[in-house]
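Per-chain numbering from 1; labels A, B, C, D, E and F assigned in written order.
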Amino acid sequence: MGRRFIEQLSDGDTVEDIYLVTDRQYRANRNGVFYIQLDLRDKSGQMNARFWNASEALFKSFGHGDFLLVKGKVQSFQGGLQLILTSLERVEESQIELGDFLPRTPCDARKLEERLRSTLLKLTNPHLRALAECYFMDSAFMLGFTQAPAGVRVHHAYIGGLLEHVVAMIDAAERLLPLYPEIDREVLLFGIFLHDSGKVRELVYSRAFGYSDEGQLLGHLAIGCQILEDKIRQVPELTEEPFPAELRLRLQHMILAHHGELQYGSPKVPMTPEAVMLHAIDNLDSRLHIYKREIKEDRGPSAWTPFNSALQRRIYKGGTDGAGADYAAPMESHD
Amino acid sequence: MGRRFIEQLSDGDTVEDIYLVTDRQYRANRNGVFYIQLDLRDKSGQMNARFWNASEALFKSFGHGDFLLVKGKVQSFQGGLQLILTSLERVEESQIELGDFLPRTPCDARKLEERLRSTLLKLTNPHLRALAECYFMDSAFMLGFTQAPAGVRVHHAYIGGLLEHVVAMIDAAERLLPLYPEIDREVLLFGIFLHDSGKVRELVYSRAFGYSDEGQLLGHLAIGCQILEDKIRQVPELTEEPFPAELRLRLQHMILAHHGELQYGSPKVPMTPEAVMLHAIDNLDSRLHIYKREIKEDRGPSAWTPFNSALQRRIYKGGTDGAGADYAAPMESHD
Amino acid sequence: MGRRFIEQLSDGDTVEDIYLVTDRQYRANRNGVFYIQLDLRDKSGQMNARFWNASEALFKSFGHGDFLLVKGKVQSFQGGLQLILTSLERVEESQIELGDFLPRTPCDARKLEERLRSTLLKLTNPHLRALAECYFMDSAFMLGFTQAPAGVRVHHAYIGGLLEHVVAMIDAAERLLPLYPEIDREVLLFGIFLHDSGKVRELVYSRAFGYSDEGQLLGHLAIGCQILEDKIRQVPELTEEPFPAELRLRLQHMILAHHGELQYGSPKVPMTPEAVMLHAIDNLDSRLHIYKREIKEDRGPSAWTPFNSALQRRIYKGGTDGAGADYAAPMESHD
Amino acid sequence: MGRRFIEQLSDGDTVEDIYLVTDRQYRANRNGVFYIQLDLRDKSGQMNARFWNASEALFKSFGHGDFLLVKGKVQSFQGGLQLILTSLERVEESQIELGDFLPRTPCDARKLEERLRSTLLKLTNPHLRALAECYFMDSAFMLGFTQAPAGVRVHHAYIGGLLEHVVAMIDAAERLLPLYPEIDREVLLFGIFLHDSGKVRELVYSRAFGYSDEGQLLGHLAIGCQILEDKIRQVPELTEEPFPAELRLRLQHMILAHHGELQYGSPKVPMTPEAVMLHAIDNLDSRLHIYKREIKEDRGPSAWTPFNSALQRRIYKGGTDGAGADYAAPMESHD
Amino acid sequence: MGRRFIEQLSDGDTVEDIYLVTDRQYRANRNGVFYIQLDLRDKSGQMNARFWNASEALFKSFGHGDFLLVKGKVQSFQGGLQLILTSLERVEESQIELGDFLPRTPCDARKLEERLRSTLLKLTNPHLRALAECYFMDSAFMLGFTQAPAGVRVHHAYIGGLLEHVVAMIDAAERLLPLYPEIDREVLLFGIFLHDSGKVRELVYSRAFGYSDEGQLLGHLAIGCQILEDKIRQVPELTEEPFPAELRLRLQHMILAHHGELQYGSPKVPMTPEAVMLHAIDNLDSRLHIYKREIKEDRGPSAWTPFNSALQRRIYKGGTDGAGADYAAPMESHD
Amino acid sequence: MGRRFIEQLSDGDTVEDIYLVTDRQYRANRNGVFYIQLDLRDKSGQMNARFWNASEALFKSFGHGDFLLVKGKVQSFQGGLQLILTSLERVEESQIELGDFLPRTPCDARKLEERLRSTLLKLTNPHLRALAECYFMDSAFMLGFTQAPAGVRVHHAYIGGLLEHVVAMIDAAERLLPLYPEIDREVLLFGIFLHDSGKVRELVYSRAFGYSDEGQLLGHLAIGCQILEDKIRQVPELTEEPFPAELRLRLQHMILAHHGELQYGSPKVPMTPEAVMLHAIDNLDSRLHIYKREIKEDRGPSAWTPFNSALQRRIYKGGTDGAGADYAAPMESHD
């Protein structure tokens, strides 16, 4: 029998299954009874769990990012559900199917990758085509590129999120390009492919999502530039020509400038039309992804989502014919 | 026998009265005992309440903003008081006297309104006088104007607060005007009346205080401008003359510029002397209202109020002859 | 014989034609010889002119924005051209063809307007369709909408620029919409039509381009909202239904939020997906318009345009295969 | 015969009088003719002057801030007037009446000072009264206090400007105080006296207006605090009691916090109600002084003053019934 | 037998000793059992304590900053240690050795002070040497100067921290000075001594660390300037010469400008080379002190310290050969 | 006979020598006489020159950055000197000694380089030593590193300026390191060598100073990282070991973080103690270089330098015993 996912559980269910630990604490209640408090997740969602009368040894037998085989019962608590555990046991990663535990793009990853490859391999500029081949031949890079999320929390925070985001941006670019003939289509499309490519090494995403040391110290802009430099060095083996200096600058510049402003971490502002358009499409796609997700995930009766601290605002869901009232506005307007 | 207000309750009192629910949660303690945690308020203050061994059905029988008839006992808890409830029951709004539940201006609202009306109806400019009449004839607007708070939390956050704030500003303006003869007195006074008039629709204040959908999406500056546009359109019926174009611009500008700077939500900075003075008086009156309230409400022994996050500072109450010491300063000075 | 436009003049030409005055000064050289210094323009460009030994009376006989019939000779000066005048005379506006003097969109304005009308009249939402009709029936508004520039200097600064910008944004939106099905297409398209509609009254553009008093005091956001309010009031006469309150809020919100951030003059940040997309498309189209124009108009040999103070950057034109060097960078990078 | 002031000169007048040099340059025209370019002023205004065929020795015979006896003729130039000099000669300060050369408050300085003295000497707090006496007994300080401008350029930039500004603020405070009984009247009034008192040493104003070294290195806030510390030390000789520590802190704090925010040069934000009110009244009076002066001094036909760079805006003068148009708006609104 | 310090306690120990209270709360658990929650500290560290079944009278018998003689037992809790108390009793300050309770510089305070004195007394400028003597003769000031921490929390937050920080800066300056001969060595060294001298009165540090009223209202820059003014007044008694005016300005300026920028609380930016160097050395020493402490105190397995809110960053400890991954990054990079 | 340098010229001298053109313009005076206006420089300074009655052909015969053999006479003009040319002729770069024309570090460049090499080659870490060798073996890089200025205008803007700045920082670091034993000396020293190494390609400095295309599009941070990546790849050939991953991150991070904050162009803030110290020393050395130069170069009589727009302040030169007054303060303090 297949596994039961968290989103399928309901009040009273008996559970015996494996989950990923994303937070754990050891506490005592006022009567001195010690318990373990856990956040468990699989790809379908997250659930709170509690193990009463737990020894410190049991607590120390596993860590954040480990997989636990747990037994217990689901009960309703504070309007949500909670797992009351009767046993828990760490299991080796080899025993589990990683794909069950991390959220994953709802799109067909194979098709996304196919879309990306065919777009870049059809470019007419032989240098760019050869450059694409250099990336595609690097199977470690490509594995990362198809697995990495686009972010840890803010947007596209799931396996394949980076690829999904990049292909969505390619789609948007292709549609806008006929309107702006001054844009060099091939440079822009390649820039879209490259702009977040450093996330392959900036982020870690084999279990939970986080940052690598390199990611925190260098960031995906600098990492992306280094990977590009590396690949450009390989191109002349394919083309038997030097890679054009100006083309290299335009590609590197698009990576470095894609956050648009210095205070957002770009050491250079966009100084080519392609860099401007790349920044705009990136912003639009990630911003709309957040709005869509916030509206979709919020089940509350209000016409407004809760305050989103990344956006510093709440989002209007509507549905009250403009007659809604909200008592939870986190910040007062200026008076 | 009349109702007993929250500020009149003391340790050991038995309670049977109606209160407004401003927060509610359903929780379990570590032994699995479920309870409802409530914030109850009337116009005199707020109190924490707890109902032990509560069913989820009971919890769901009422919501935020409802009125509850509760029975229970007051007990001392953590240096404050708490209500331990033995019964609670939702009552219809028709059974209650709304005035008992929302905080209300300490001033005589009737006199404030009279003060406002007589000021505006005595203006010598016939267009402004007629404009005032158009506002006063709109009884729904005037009901809102006399009921609305000036803010949800920061200042004048009580029924009648908007009116009180406006009349205080008129008083301040009348006193300052002889010193600045370059100011057009009538334009300024009318601007004071108008500046926050959009709050009548931006805020909701029939039970708890909050924001309407329109308030969050448009804000009181845009709403105030729309109401003004509407009323100006009616003026010629009274005056049989077109409303002067420049006068309209000066009034609209005062509404739009009264927050003083773009980053505080004004789409235009003050560009007339009247707009400058309106902004200054508004700022002074609201700022001093906060300082006064913070100093008055803080009963702590320190010479300093707690950190006020709207002001990003603590306020000096004094009384220690400058020899006080404080261990709770939330932010270290730069070293 | 038709008029000769400024862009057609060359060194040594004799001139006798009418031009628009966009700047004028009265000066003396060191030998006490007085002269008039002029900027003359027609729709094809601008030229510097000088009239030697001019009397003050002649200087005072015309002003900024007037049309002058001038005679003189073109001569080369400082690498450019200059008109040395032998006579000048003010002519009445009635004698001239305004279209010859103000720069004008290179697009076919008739087609642009047709494109706009057909888009909005094909919307399926009857309220929006009726609202469009209300705008279209207002011929004064429509004349302004098809004439107004989108800006005085920064982008689309020519007759018809607003309409061209709006239609370009509609094109962009139509192309992007299939990718973002969560966006309400009709609301977005209508918002694009509305977002800068206040520029019809914010700007003046019958001769030179400038700002009206209303434009400076209220701004095109507030003006656009007032026009919308006005038109919405007329809709029920066509639909025999009240205009939906939520729809009204969404439209007004798009106007108010389209600058994206408070410090750019929007009193509200975008809080609906449509407002986010509107802001992004507006930004993209106006930004690319500037880049395209700067690159096209700069005839210098450098790989870089001069410093653009609105963008606070120079733009890379390229063409040096990345081997260019520039000695005029106006700001040093941080060291 | 008395002197003729600059504002009395007109085209064709012969001049022989003394003026203050506020700028001087030595230049050659294209034919190698050297000339001296001067800005001359007296209390009534400023005029440009030129001396042709001037030797370098003549140029070096005087400096900025010197007084020159000049002969020459007034002529019209570029729409204004200019002095063409035939002789110039430096004169000693002892020969001139300083009051003729620096602009001076239009108010009766004697009355202003009397108003200040009587206000402070009537305070009921004996410590403050004694403190006032300590200031008043310091005749060098008082001479400075009655002579100093309130600023070099931005507002009240004339002899007596500081005193005029302080008395205007006292007037404003007295009028507002009855509305805010929580404010300590005597502390506020004394704070108004003190807030800019450091300008007595920050600025120099014996000839032209400028900054002392101390003014640039320490600023008037720190200087004002030091003077206050000094005077407080003398008070116990008069009162035979120690000066109250808390009162000293409240006074010093008002000086330090009167710019309102750190980025405007206050090392502390206002943390007492009196400091809040002091800052607001200071802001209001200085801001309105600028608006009034800009509107009064601008003789242009536009409904708008020229761009004021200290305020970063233009001011609306009106008078066009809202139908004005302006072609000189220095900054485009965001599009 | 000597006292046992907090850092020496381990699970199961029985405790009977005196500790300083730095936080206290009175709470009830869900069964209505009341308990006191305490933070206790001595110079070696801090520990959480709990007293079950406590009466409100017991809770009120002591306050923040008092010393308690407690009996109880250490137990392991949530991965740390906790004291479960069986008795607690307030003791008078006279009974305790203050040095046992407040953290103290690890350096030899006597040597630090000696270092400071000998440096300043060896200066060749007789005015500065005499000024140093004036400070050293003020034993109350010197007691404060050797006791005060350099900050309440951020850096050098322990008894003697100010002196340690100043001597470290003198060391740094002495080493750098040979490289920058344009710097006036004696002015710089004296400025280092002075720059934070106002902390002697800004902070309170007899028990816990906090701010005096004077510290919050005036800040250590203004206080330091006032002390300096006072001492400079005494110098001529020693030197029989007036104190040089420029030297006084340079010293005062170094105090006022040492935070480097207005928004960090300096009313003036550094305008002399000595003020620039003082600011840089101050910044370097305090910044490195934080990095060193954060890295040393963090015992976690991650290559990164927890997020430091004063620095708004985490610090890289390393030790994972660059292969670490971190799941707790508090802020996502811009995407 | 050797060349006469600009600083050796005086009024009346006859000149026949070669100079570098750093600015050129073609103008006419009011009598229609055309002339060429030039800025000429050699390593000793800069001088203004004028060629009367110049043909456009002559003007077009040379450009910015070319070398001209000029004949003419020096004359006094506006308090300075000016060259009146009678002939000018472009000469080939091969005929000139480049070292005569660009300003050059006053230090002995050979010794500076020797100092740098010996420091890095004595490091004990074999990976860093090998890395240094890889840089030193790259003679093109080293030529650039010893030639490049540290900036175009702001500081060390002369040939060899980068090397001088780096060696000065090494000196400063060596002196400070004993005080901060937690700093990894070898990592810091290597970081100092690397931090501005990208300027070798960011800047152009063979004639005048400017920016390369790569410099403007990528900046010296990204360029420096790419060079480092390149060199690290070569190290294992020397060491026969992989380059340590953590060491690579620490080096790259120092380059990326050395501007200290995002808004100054660093995509990452300093997160290691070495990066903090590098940033501080860099700041100190460059800042003091500016102060020293501004004070030294200003020959005016004021106690203050002119306003420096890079620093946004004037610098106090002193020498007036604190009694100076200045009438030219470009910005008024806040009032």
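Heads up, the rule we're going with is that a contact is a pair of C-beta atoms (placed from the backbone, for glycine too) under 8 Å apart; a residue touches a chain by one contact, two chains touch by 3 or more.
None of the values given here were measured: they were computed from a predicted structure.
**Q** Common contacts of chain A and chain B?
**A** Joint contacts, listed by label: C, E.
**Q** Between chain D and chain E, which partner chains are common?
**A** Common contact partners of chain D and chain E, which must touch each of the two, are B, F.
**Q** Same residues or different residues where chain A meets chain F? The copies count as same if more than half of the interface numbers are shared.
**A** Both copies, chain A as well as chain F, present the same residues to each other, with over half of the numbers appearing on both sides.
**Q** Express in whole angstrom the distance between the two chain centres, defined as the mean CA positions of chain B and chain F.
**A** Going by mean C-alpha positions, chain B sits 59 Å from chain F.
**Q** Nearest whole angstrom, what separates the Cα centre of chain E from the Cα centre of chain F?
**A** Those two chain centres are 41 Å apart.
**Q** Would you pick out the residues of chain D that each touch at least 2 other chains?
**A** In chain D, the residues touching two or more other chains are 29-31, 213-214, 216-217, 219, 246, 249-250, 253, 264-265, 271-272, 314, 316, 318, 320, 322-323.
**Q** What pairs of chains are touching here?
**A** Chains touch in the following pairs: A-B, A-C, A-E, A-F, B-C, B-D, B-E, C-D, C-F, D-E, D-F, E-F.
**Q** Considering only the defined contacts, which chain F positions touch chain A in the complex?
**A** Going through chain F, the ones touching chain A are 213-214, 216-219, 221-222, 225-226, 229-230, 246, 249-250, 252-253, 256, 262-268, 271-272.
**Q** Can you name the residues of chain E that touch chain F in the complex?
**A** 168, 171-172, 175-176, 178-180, 182-183, 244-250, 253, 269, 271-273, 276-277, 280-281, 283-284, 287-288, 291-292, 295, 312-316, 318-323
**Q** Using the touch rule from the top, collect the residues of chain C that touch chain F in their complex.
**A** Chain C residues touching chain F: 29-31, 33, 35, 76-79, 303-304, 314, 316, 318, 320, 322-329, 332-335.
**Q** Under the definition above, what is the set of chain D residues touching chain F in their complex?
**A** Within the complex, chain D contacts chain F at residues 22, 25-31, 56, 64-65, 150-155, 196, 202, 204, 208-217, 219-220, 259, 264-265, 282, 286, 310.
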